[in-house]
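Structure, as structure tokens:
So that you can tell them apart, the chains are marked A, B and C in the order they are listed, and the count of residues begins at 1 in each.
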Amino acid sequence: MRNLIDIRDMTVEEIDRMLDLADRIFEHPEQYRDTANHKTLATLFFEPSTRTRLSFEAAMLELGGRILGFSSAASSSATKGESVADTVAVVSGYCDIIAMRHPKEGAPVVAARHATVPVINAGDGGHNHPTQTLTDLMTIRREKGRLCDMNIGLCGDLQFGRTVHSLIAAMSRSPGIRFSLISPDELCIPDYVREILTERGCDFVEIGSMEEVMPTLDVLYMTRVQKERFFNEADYIRLKDSYILDPAKLSRAKDDLCVMHPLPRVNEISTLVDNDPRACYFKQARYGKYVRMALILTLLELVKEG
Amino acid sequence: MRNLIDIRDMTVEEIDRMLDLADRIFEHPEQYRDTANHKTLATLFFEPSTRTRLSFEAAMLELGGRILGFSSAASSSATKGESVADTVAVVSGYCDIIAMRHPKEGAPVVAARHATVPVINAGDGGHNHPTQTLTDLMTIRREKGRLCDMNIGLCGDLQFGRTVHSLIAAMSRSPGIRFSLISPDELCIPDYVREILTERGCDFVEIGSMEEVMPTLDVLYMTRVQKERFFNEADYIRLKDSYILDPAKLSRAKDDLCVMHPLPRVNEISTLVDNDPRACYFKQARYGKYVRMALILTLLELVKEG
Amino acid sequence: MRNLIDIRDMTVEEIDRMLDLADRIFEHPEQYRDTANHKTLATLFFEPSTRTRLSFEAAMLELGGRILGFSSAASSSATKGESVADTVAVVSGYCDIIAMRHPKEGAPVVAARHATVPVINAGDGGHNHPTQTLTDLMTIRREKGRLCDMNIGLCGDLQFGRTVHSLIAAMSRSPGIRFSLISPDELCIPDYVREILTERGCDFVEIGSMEEVMPTLDVLYMTRVQKERFFNEADYIRLKDSYILDPAKLSRAKDDLCVMHPLPRVNEISTLVDNDPRACYFKQARYGKYVRMALILTLLELVKEG
């Protein structure tokens, strides 16, 4: 593994090994704080994303490495018409590893082809965001103690939410997973995801509200429902409350439910839920740093025996 | 003390201790250059401010620490509708201390409530900017050798200038301070500041030009008079020269006057004054770094015995 | 040498010494990786330039130093009307050396006058970009083994291209250089460059296409021809292909031709040329880091005996 462009490029075993390493770093960060000394991470963010960028930068700094880069296309040579391929070819000379976010699907593949250092896809226009998926998997494994045999609810925009598709694709490889896909009809999972589930013989239901399945869930993954996705305002107003998690809805859930969200959140989880011990989304953001530390060490081939 | 949101949260003794530490760092920076090793400062600047941001970053770097963050809201998740509370909850997982600047008054209070690391208010929309006040106090104490028994002139926009209000509030606690408040009528100090002065029995005059009091001053704190603050253009043109410090006006001042300015300056101090030994504003900017080093060490509880 | 504002401020001997140092760092980077420990570079970029900024930042980090700064005027106090002189006077207190890019010609000279630390001109509106010239010279010397006795073609916009003028000025001091100046009439070298060439008795030809001279060239320096520079669209369309380097044109060149470009490139070198061993422009970008490392060490007076 030299680059990470798409989570599907990783085998189940590679993912397990990555999460094992992330766990070890999480538990003994001081043992890893000089592992990337004298190495530099370039964060090339052609569109802004605080959370992801800062998470990568914190990861590299806490490994003893250094960071440079840009946080929006406006600060880059892209404004002068330079191609991603050229930017990456040049920046390869200034760093040891690249994390790139780009509004165009496929840009990280082009980048990986022209870079002379490992490239991590930190999100490309609507399709892949593999470090988010690794973060989600680490969160589930740490919070539930396993990646199999559980009921997972995914709620909100299941059509356009790239993190949801990747998570379904990754988890559907595990045995004993049952998915509850909670969304308005307009925003149900696309056919290609339904095909993955069917092919792999996964148990899943598609439903319009979360109340019914709530008592059965082990994990509830919330996503944002954007107003613009609806065909008309009336539908939006009628439906939106169904996809907002609040203490009332949560009252019927299991005591050990794990509530997740890729963040940023707007209003799809009431802030009244934040102090509930089942709210795991801020922990999830924190785990993201450790997963990225594990990934950087792995791609730089700096991993110590665990 | 876990956060610094408002200078009024600090007792006189806490301020003295902070300035003592800043002085020690200023005099022996090499003794402090590894005190924040393996610690990370996040600078979350929701509005741009070179001076303040770079000052914080330099402070952290010179303590051996690391920095990450963003320099404008456009590069942050705020563009996606994320609340300050959520941003700070997430970023808490990526750093050990946060310095935040925000155009909305009160945002740092919200931040402090949701952060799991110390938060420093690096300026919020028009009200508080406590590290500027600490910088001002360090400057006066170093340049005059004391924080009491002196005549302080404050000149320019005394109505909207937040740094002026904080400085008056802080200095009015010291004995023997006499304030000369020099401004156009439209921009005189607000009632709440006048009340502080009256309550504490402070000696002060409000006047329209600096010439008269110049020979009596020990400190002259200049601020910018913005054209937009005036009711009409005619008033602005008639009055503006009264609030510009130039060598002619300075010729009647004491030899050991300390001329200060929070910067950035536009034209309210003639550049002809820059080489006068009484011009302390660039020194003042420099002291700001040491005060911030002292503050970071204090909030991180890394202070060595002095 | 305390600042680097204009490549003409450096003697031939100073340039040689700088390139010698850059070569040593290139060959033994590990010997230099802690030479700038505890030193800080401020990158003050009043206009964006990924390549140059990241190159400076990588240079400082790989010397063990630290970086801070801003990447566009929008993130700086310039938006509040602060002068370059004041910005630099303040930032001098936060760093040990400054690299500044500014859209206004002459801004770095002003900066150098008001800074209390060394200032490097990282490009000013259309006139000087001395670290690009040092990069070009290092590239030629490393790739050709010498800086004299060769045929250099310069192709494209020779009128407005600042890097071209500086390179001609620098190389025309060496013996045995013959220049082929390839451009449309509208974009030929300005009179002042022609005068330099004439005064120094340099051999040069001005021609409209590269085919004829291609077989004679040792170095071919390509630059971008911007559509806006042409008087009319018809001329542009008729001429533009003449100034695009492609494999067909390259087929008649020497086997050891060194093709250079200051980058970013738009389409003036076909990407089909990228894998040709004669394509040196990505190497050139890489050398730029080492030249900047040498420059930083020299200006900070940290150079070890070679």
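We take it that a residue touches a chain if its C-beta (ideal position, glycine included) is under 8 Å from a C-beta of that chain, and two chains touch if they have at least 3 such contacts.
The structure displayed is predicted, hence computed values, not measured ones.
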### Query
What is the set of chains touching both chain B and chain C?
A
### Query
So chain A and chain B: same face meeting same face, with over half the numbers shared, or different?
different
### Query
From the C-alpha centre of chain A to that of chain B, how far is it in Å?
41
### Task
Provide the list of chain C residues touching at least two other chains, using ranges where the numbers run on.
none
### Of all residues in chain A, those that touch chain B in their complex
33, 48-51, 54-55, 57-58, 61-62, 67, 71-72, 263-266, 271, 282, 285-286, 289
#### Entry: Residue numbers on chain A that touch chain C, as the complex places them
38, 40, 42, 66, 68-70, 74-82, 85-87, 89-91, 93-95
